Structure formats: structure tokens, C-alpha cells
Amino acid sequence: MNGIQVDINHLKKGEVSLGTSIMAVTFRDGVILGADSRTTTGAYIANRVTDKLTRVHEKVWCCRSGSAADTQAVADIVQHYLELYTAQFGEPSTKTAASIFKTLCYENKDNLTAGIIVAGYDEKNKGEVYSIPLGGSVHKQKYAIAGSGSTFIYGYCDKNYKENMSKDETVSFMKNSLSQAIKWDGSSGGVIRMVVLTKDGAERLIFYPEDYENL
Amino acid sequence: MTSIGTGYDLSNSVFSPDGRNFQVEYAVKAAENGATSVGMKFKDGIVLAVEKLVTSKLLVPGKNKKIQTIDRHVGCAYSGLMPDGRHLVNRGREEASSFKKTYATPIPLPALADRLGQYVQAHTLYNSVRPFGITAIVGGVDDDGAHLYMLEPSGTYWGYKGAATGKGRQSAKAELEKVISNKPELDAREAVKEAARIIYLAHEDNKEKDFELEMSWCSISETNGLHKAVPKDLLDEAIAFAKAENGDDSDSDDSSDESENEKDNEKKDAEGDVQLE
Amino acid sequence: MNHDPLQWGRPSDEHYGTYNKSIASASPYPSMHTQQPIVTGTSVISMKYKDGVIIAADRLGSYGSLLRFSDVERLFPVGRNTVVGISGDISDMQHLENLLDEMQTENNYDNEYAEDEEALKPSYVFEYLANVMYNRRSKMNPLWNALIVAGLEDGKPFLKYVNLLGVTYSAPSLATGFGAHLALPLLRKIVDSESDVKKTSAEDAEKSIKEAMKVLFYRDARSSRNYSIAIVDSKKGLVLNKDAVVEDMVWGFAKDIKGYGTQNV
């Protein structure tokens, strides 16, 4: 067993990470998730067109930040659990999905680097956003921002977020926010991806640098 | 029971040639001989009522509760072997607690009924165990409103508008049907009174035995979705209503015929009448 | 066969190379879960007075120096005469919250007196939490918190502290974290010893708690202006106010301060 010794901490330094700008915002008809598309290993951009918005159920999605491997593994497990849940009990609530994410992140906090925003729509609770930062706590919010780029836009988001915005207003708010995050954070970049979750299902949007750079 | 003595009734997990599990059928008998339990659904909740036979004058009146709480929003009443019921409720509590832990939401009643059903069914499969000697009525309120289930020793469970089990189930069921078809829009307080009346009515055939009425409810309007014992004043009101409706003047409160009752009980005991509650 | 007991059951050297001696001299400690708090809540402060207890905690969840979550409740009522205030890691706090919830559910099982004679008393809640904290630290996997349990027991004020090490103590005024340095001396001006408790009115106690929260907001860089304050009073029962705000701050003197010593313009 000890024939091969591995320095896990050395490997971790080279890990592919989502030094990221992600957010999710509730609005009048549901919730919208948004993210940049840059994945880095150190200063090298390993993927410039990453999709950080991940489906775990029809209308429950998540934004991933932190280690790409960890968050993909966690999202895959949650997707599996929600499939089982649906077969047994019917449609899960966003809160339930967030609780499964939390259990995984909290109980394995020693080994994970995962900052996740869970956002979903269900008929009863409408759009909801739950933020699950590093330690594995859960925070229900009207809107959430996370990832390395988010630190640059706390002020902008706090000043410009309004409750009950229309879809267009929300998309514009998010485009402006993420555009600033990308501008100031070296670990964020590429395109802005969004997913709109409403009673009508999930709709994908994409904005290219020429769309958001000079707003 | 023509097949008694053929050997097929001695063990769980063995079918008789005509496809029956006799142990399960005997378990049903145990439940059917128990004191009556009734459950009824109303507009925004459920009510549970049980007939509590007073087997000894040394028992403290109003204590020794039979109806149990599985989770804050779920109650359970059962007829048959009481310890079997308590074990089932313990299992229900574990299921409810683990569901809440993983999914951050109280267990929906259909899910709880299903899990209890699977557990009871598992006790019909193995040689090392016997089936549950109870029929349980499980009711409560969740996100989808009120639910009422009755769970049998085979593991079968059905959802009901009104359910009855135990010795007085026949007359109770007949009365439940009448109430539910005549007054489909019962509110919580009316339902409590009707359930009380039905227990008193079902006790008619078993009149020589003293009994106490125990009731609980779970309703959005009255208990905020929590399963609770029916408060004393409403219980008294319901008992008065039940007595008046049944034209009853001799019941457990009556002390004039104490000696008569005692003689009765002794006689029954001499005949070897096993008292199941 | 090599008859050295250390080699029994080991792969033979000629096939697998020499045995790695570092295995035999592995750490004498059990597996250690090195942790650090991530999202944190700052001080909880509390004091006894003649008819009960007061406890307060702000509503901030800090992420390092980032004041990330502004609406985190850290006071938890348990039954009708206990409040638990929690500081430290918020994910562990939420875990403790679940444990408290479970404890209450279990106390209600088959207990018709759960709301009266057999209601959970502050000392029961405390003893449970102290055991949880001590057991976790003994597994080298502590819950990264300091807690204060406040309440009324048999008509008398109850106040006790436990932290991630499983250390417990009691005093007529108590505080965790920064509060133990900044607020406690202020609270002790009112209630220093047990004999001061019966001399202190609810109004005086509430006033000094509010004053202490103000000082903490002045001087604790991880504190917020919004806080919760709970009072457990023998007459009024348990009252939890979730939208208290630090008020009557004094900043006006700042305009007279010029430079840092000799400058006066």
C-alpha cells in the first residue's frame, strides 16, 4: 500500500479550479442563474467556454465555484439523489435539493473545496436561492453572488438589486454585475451564461464579450 | 379455519397450498379483537379516536395514553397488541427523523405510510419474526393537506376518508360512511364530536366493559398543523354530545352499577375471555 | 520465513522492496480533522437580572473580513424558558440547531407533560450541549463554537457557557469571543457577583446589554448594527426581538480631531 506515496497537497496546487464569478437572482416569475466561463490551472486558462451552470433536476440548477472536480462530483451525486427522490416522493423542493448539497459539503468539509449556489423554481415556493459557501452552511437569500470575482461586485449588487424585477430587468442587472466581476477578476472571463427558471421550464441565454464589455 | 392442524399455519414465510399466509390472518384476528380505533378526515385535518377499555379500577383515569405522535405533524392510533403498535411507532419516528435530516422538510404522509408498510410487510417474510398484531391508523397534515391511512398486518395500506379497526369496526365504518356522505364539509370541531359519537356507538355491543374515550387531532386551522391531544373542554363537549346522541345513560362515569360490573368482569375472566385492548 | 515478528504477514523484501518503516512509527494520534471556521458569527453577550436573563447576538455571518451574510439568526429559543446563543462557525451552528430541534421532538414523544412539568429546562439543554461539545473535541473533530445557554429554571435565572474545547463555566454575566474582552467588563459594572443579580431590574439589564452591543459595534470589526435580543422573564416569559438596532451612537467628536498629535488644521 505504501509502495507509492503521493503528496496530495502538491497535487491540489495544480488542481483545475473555477476561480469564478457566479450569481443567482430571484425575480417576479422565478429565478435566473448566471456565470462566467473561465476555468484555470494557476494562471493558465484550461477552458475558456466552461459551463458552470449545472442541472441537478428539471427546475433545480446550481452554480459551481471552487474545485471543478469536487463540484462536479457533488453535483452528480445530488442529481442522482434527486432522481431517486422524484421516483419515491415526486418533485423535490429547492430547499430539499439545497439540503442534500449541504449534507455532502458539510460532512466532507475537510476534503472539499466547493462553493455552490443552488437555485430552483417550484410551483409552491416560486423562485428560491440558497447559498452554500465553503464550510457547508446554508443561507437562503433573495439573490446570491459567489466566487473570486464576486468580491468586486458586492457594492454594485447591493445598490442595484430590486425585488420583483421583470425578466429583462434581471438579465440586465446580472449582465452588468458579471461584466464588472469579469473586468476586475483575472480568474473570471469568457462568455456570460445564464439559465432562466420559471413555470415554463429552463431557458439558456448566452452573452459574448462584445455584448457585455461596453455596457 | 379448516386448515388448522395442517401445519401450514405454524410458520411465517410458508404459504399454504391455496396461497394463504395463516400467520398474517391470525395477526388480523389479534387486531380485530382489540379495542376500537377510528380515524376521520375533515376539511383541513384529521381526528383520531380510540376506545380505551378500563381493565382495572386501579388504572388512573385520563392517563395511560394510547394515541401516539410519530412526528410533530403525524399521529397514530392502533387496535390489537399494544406493544406491537409502540414498536411500529418507534420505527415511524426513526423514518420521520431521518427523512427530515436528509431532505430538510417534514416527511410527507404518503412517504411515511409507504415506509411503515414496507416494514410491516417485511415481518411477513421471515421465519424468525411474527407479523404485527395490529391495524394502525396513521393520519396527519403535510404540504398537500390532510391524509389518513390504515395499515394492516400484511403490510397493505390504503388511504381513507374515514377508517375504523378493532372490535367495533363494523358499526363504526357504517357510521363513518353516513357522516362522510351526509356532511362532506365537516370542520375540525364537528369532526371531533362525530368521532366521539362513533366510538360511543361502536362500544354499544361491548357495553358491559368500562371505557374511556381518548382523542387527538391535527388540523391547519386548529392546531397549526401539529398533532395534539384534543383539549379537555372540547373533549368533554364531545363526550356530552356523544352520550346525548346515543341516548346513553350508563357509561364509565356511572358508579351506581359498580358491583354489577365487577361481577360481570369476573364471570368473563372465568370464561377465559382474554381482554385485548 | 523471516522470524522477526515485525516482518510477519509483510510482503517479502525480495519481491516488494524493503518495508517502509514509517508505517510502524505512524502518528500516535487518531485521525485529526484539522478544521477552521469559515462563515463565522461574532460575540454572544448575556446577563442575569432579578427576574430572569437577557441575551444578545448580532445577525452577521462573516467570511473572513468580508461581511457576507447580513441576516443570520444566532439566538435559538428552546421551549418556553430557554434561549441558546451561538458564536463561531455557522455551519456547525446550523448542525447544533438541528440537534436542538431533534431533542425537542424527542422530548415530546409520549409525553403529555412536555409543555409543563416535563418541559426541557435550561440546565437539561445546557448539559446536553456541553456533552455534545466535549464528545466532539474528544473525537479530535470539534464543533467550532462557543455557546451560552440562558433561561429561567424553577423561577431562578440560569446562565452557562460551553465552547469547542468542552470547557464550561457559569457566571451572572457572560460573553463569548470579543464580547468577553469588551462587553463583559461593562456588564460586570452592573452584575459582577451573584448578589448583584437581585438588585438589578430588567430595565437596567436591558440598558447595559444594549450599551455593550453598541461598544461591540464600535470596536469589533466583525460585527453588524442589526442584532437580536432575547429576554426570559418570570412574568413576561420568553420574548425574542429579531430586529434590534444599535442606536444613539456618538460620532460628532470626530470633527474636532485633526492629525495625530501636533497638527491642528
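Letters A, B and C name the chains as they come in the text, with residue numbers starting at 1 for each one.
By definition in this document, a contact is a pair of C-beta atoms (placed from the backbone, for glycine too) under 8 Å apart; a residue touches a chain by one contact, two chains touch by 3 or more.
These are the chains along with the protein names UniProt gives them: A = proteasome endopeptidase complex; B = KLTH0D00902p; C = Proteasome subunit beta.
The model shown is predicted, which means the values in this text are computed figures rather than measured ones.
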Completion exercise
When A-B and B-C are ranked by contacting C-beta pairs, first place goes to A-B
Completion exercise
In terms of mean CA position, the chain most removed from subunit C (Proteasome subunit beta) is B
Handout entry: Most centrally placed chain, judged by C-alpha centres
Key = C
Problem - Inter-centroid spacing, subunit C (Proteasome subunit beta) versus subunit A (mean Cα positions, whole Å) - result: 31
Problem - CA centroid of subunit A to CA centroid of subunit B (KLTH0D00902p), Å - result: 49
Practice task
Averaging only over C-alpha atoms, locate the centres of subunit B (KLTH0D00902p) and subunit C (Proteasome subunit beta) and give their separation in whole Å.
Solution key: 45
Problem - subunit A partner contacts - residues on subunit C (Proteasome subunit beta) that touch it in the complex - result: 16-17, 20, 22-23, 33-35, 37-39, 61, 63, 66, 68-69, 72, 89-95
Problem - subunit A to subunit C (Proteasome subunit beta) touching residues, read off their complex - result: 2-3, 106, 109-110, 131, 133-139, 141, 151, 154
Completion exercise
Contacts from subunit B (KLTH0D00902p) onto subunit C (Proteasome subunit beta) in the complex sit at residues 65, 68-69, 71-72, 93, 97, 101, 229
Practice task
Could you pull out which subunit B (KLTH0D00902p) residues touch subunit A in their complex?
Solution key: 102-105, 108, 110-111, 114, 143
Completion exercise
So, in the complex, the side of subunit A touching subunit B (KLTH0D00902p) is made of residues 85, 88-89, 92-93, 95-96, 98-100, 102-103, 124
